[in-house]
């Protein structure tokens, strides 16, 4: 973004007259607004995908009346929720009640800023991009516990308690699995990580050795759990806790929770695609110009995200829900040991690659 | 009530001392589950006293659907009262009608034509299949699996269509009448029924893949909510819940009513050979799945044996059974439905009392639910498969 | 009045072996408790006194030849003509399954026994059996709720189906429709 | 049902012609009618048919109305599916009060429309749910077939678009109910 902006300023004499700070500000606000609309629409269409996908799996149709094939269904839902009465329970803690959905959504949304959608298509190309995404997504838990507490409803409190237990636990296998890739790639910069995976399917991190392969699955499972997706949807388990931590939320505030949830799904799918599945790398060389390749890469990345989203939806509509103690068991006794094994294993793999003479195999093992 | 007031912990925490029980003041959390709650299968209200997620004690509150059908039975002639019977256990209307008609007929010593008996058995067993399908699907819903619920509806709709064709209604039929059944079944209907039975048999393995053999499902249900033999009998639990506890009792086999003694069928008894222990949620679910196949067997046999003939006995227009009492029980999908009827020689009953199986089945949760997690409680209530219509009547 | 005397045939109707056995044992153990018994027909029953009910129930539950381990149903029947209320208990046994011979002999092929207790209508007090069979607990509450039989010696007897402040017991024959309940009108049947 | 007049819109007739306002209202109505989320609230027999409507063969989700929310705070339509008893009536009312505006009520089944088969001797059955909450669509049947419930939804959608999202009730029925209440009160005075 910066480099692109600098280039733009240099090429235009008119822009050079303006103060650079203002330009950056305008550009950043524009980028933020674009990302907001982009992620909201994407989240809305994910809802559509979920409902239609669920319909296919359940031998029914799903929304198909609003817009072509029901594509505008999310728009109707959003408009309706916007125009609903906004109820804040009289016994609720009003400030926290208002703040909670914003925090939840912001946690998921800000992460998009450091995600590279293609080579150079990134708002903030940071050296600590991965670190930033993981820490921002953990903010969500604060919003959820605020929501549960402020609602002054027992179901909501119980939901947020479950959420906190689950999120805080699953942060560990999630972060450690991602760490395995960081050890392999030697960088926290997401763009660099993708660039190192280019050149062929076998270069994708998921295929670089058995440990990375296992790490992909521990990451995926931990991702499902931190997203509160079935079979880990305990914080909002409908048959147990009515609607979990957002039981008392109406209208637009509920919409923001909803949006934040789906934005989180997209964000984590993007992250998984970038970390393990080669990001925008199509997996085989394409005879295209660099500029065209960049946008084809964007579509490739979106395709991978789509597949990951579909798998999540597929899992959700197939499996029953875990029980809270089993969820904790899975985290601490299965996922955490395995992810640690992955990190140690990959560190050994990198050491082995150092000992080997330079060559293709060493590079493949090393991850670069 | 405010959660803040109830779950706040106060007191100082000293180093080296265990946190809970010494200085940390904890209080019981009182939950009010229902009457509008997705897992209470209607309008059951359960007041739970819990320690966080762990249920300490609970009390079910019923009566939100009390529709006074016993009083109506004293006010209306027998034949007018019959439709109300459908609405006891609205998922098993045919079975209800069957038992109620038997009671009324026994009161007046009416003989039902042979063919009508067979048709009654057929529709009752089809209804049992449909009811069990619903129970299987809804149990998945309780445990967070949506898809089996919607899949079973595909077969259920075919079965409902079948009953719709002979009775003219999808859910509450008023098909079994005093002295027989409303109308005869046609050859085409029987063909359709056979197609339906094949479809059910073909689809059952699909549901089992989604639920019965699913690892998460087994973890959620095996060893959870155990109602053992002694507790079940003491509380008057009947039906699949009783058999899951290891009591080999099926009214159809052990006290055969109607013409059930003419059919060969197994009475599966818990525990399930797949997993779990006797009387747990898994055994109850497994039993329902097994009973579907047994019902299919009964229907096939009945179709093979069914004679030609009339389907309605000669019943006087104003049916006045002599003074007397009867107590008739039959095996409903949810347990033993029993009717106690007192006649004073009028065209309406003097007193009607219905024993809805769910009434006793749900009462037992007061005893067995202690120490369950909240999620287990949902699994427990779901596995009892109650219908509030017959709990409250 | 409630005796079974309407058999179709002229010969003596078959007797119900289960009720006979229970009756014999009851008469032996608690001769004062048994008031009357009907052992033939569709609905044989044993009538016991209110005071002897608990003893009779314990015997029926615990005697090795009876083992009635489940109280199937408790019913209250209001009989204003006799100024009495009947409480009927239907008991079944899951421990002793009926044999084939029984099925052939009995008119009712169902091995339950019925107990009856008659109490005066103005003082309908019956000792509880909920400590004999736990399952009778809810049935007693319902009988109290709808018929107004007061079961003594048990824990708090509350309404179960109707709201706590509901007027009267609807299955009493002389119960009258309320006009409204908490502001929601009830149109009585005569007015329709 | 008389044709809706300009007064019904509660807007100045001149403002009515304002393109922007009517467009905004239209958009709001469009959103509302295409996203009717029902409360998952089953009372009795009719609830089975309500479930059938959400399930495989009928699939109300096609109209965007398949999102059954367990929390009344997040739903728009309350399908009162089944008999409302006097014990349940305060809870139905409370549930209705918890729903955010604009909210709609479909009285599904004969019992909720007017007491159904229990109207005469059923002492514990409320003789029509409109004595407890205002009703937008009456759907008779015992129980109504799922097709009928879909039709009720379509009618509700139509009414929402007709009335630009405002709740609309049958005035005649309301008046009738008022009479009945008065009669009952009079009966009390006479008795």
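Residue numbering begins at 1 within each chain, and the chains themselves are lettered A, B, C and D in the order written.
Operating definition for what follows: a contact is a pair of C-beta atoms (placed from the backbone, for glycine too) under 8 Å apart; a residue touches a chain by one contact, two chains touch by 3 or more.
Everything numeric here is computed off the predicted structure, so don't read it as measured data.
Core chain by CA centroid proximity to the global CA centroid: B. Each chain gets a centre from the mean of its Cα atoms; for subunit A and subunit C, those two points are 65 Å apart. Separating the centre of subunit B from that of subunit C, both taken as means of CA atoms, is a distance of 24 Å. The mean-CA centres of subunit A and subunit D are about 40 angstrom from one another, to the nearest whole unit.
Inter-chain spacing, taken between the CA centroids of subunit C and subunit D, is 44 Å. Annotation for subunit A: residues 58-60, 238, 242 touch two or more other chains. Shared interface positions of subunit B, i.e. residues touching 2 or more other chains, are given as 37-38, 63, 66, 68, 71, 75, 150-151, 154. Shared interface positions of subunit C, i.e. residues touching 2 or more other chains, are given as 161-163, 170, 189.
Pairwise, the chains that touch each other are A-B, A-D, B-C, B-D, C-D.
By the touch rule above, subunit D contacts subunit A in their complex via residues 27-28, 30-32, 34-35, 55-57, 59, 61-64, 66-67, 69-71, 73-74, 76, 98, 100-102, 165. On the side of subunit B, the complex with subunit C involves touching residues 62-63, 66, 68, 70-71, 74-75, 106-107, 109, 233-237, 242, 247-249, 251, 254-257, 322-329, 336, 338, 340, 342, 350-351, 353, 355, 359-360, 363, 367, 392.
Those residues of subunit A that touch subunit D in the complex are listed here as 51, 55, 58-66, 70, 73, 75-87, 238, 242-243, 246-251, 254. For subunit D in complex with subunit B, the residues that touch the partner chain are 39-45, 47-49, 51-52, 55-57, 70, 72, 82-83, 85, 87-88, 91, 95, 117-118, 120-125, 142-143, 145-146.
Residues 1-4, 7, 29, 31, 37-39, 52-53, 140-147, 150-151, 154, 210-211, 214, 216-217, 219-220, 373-376, 378, 382 of subunit B are the ones touching subunit A in the complex.
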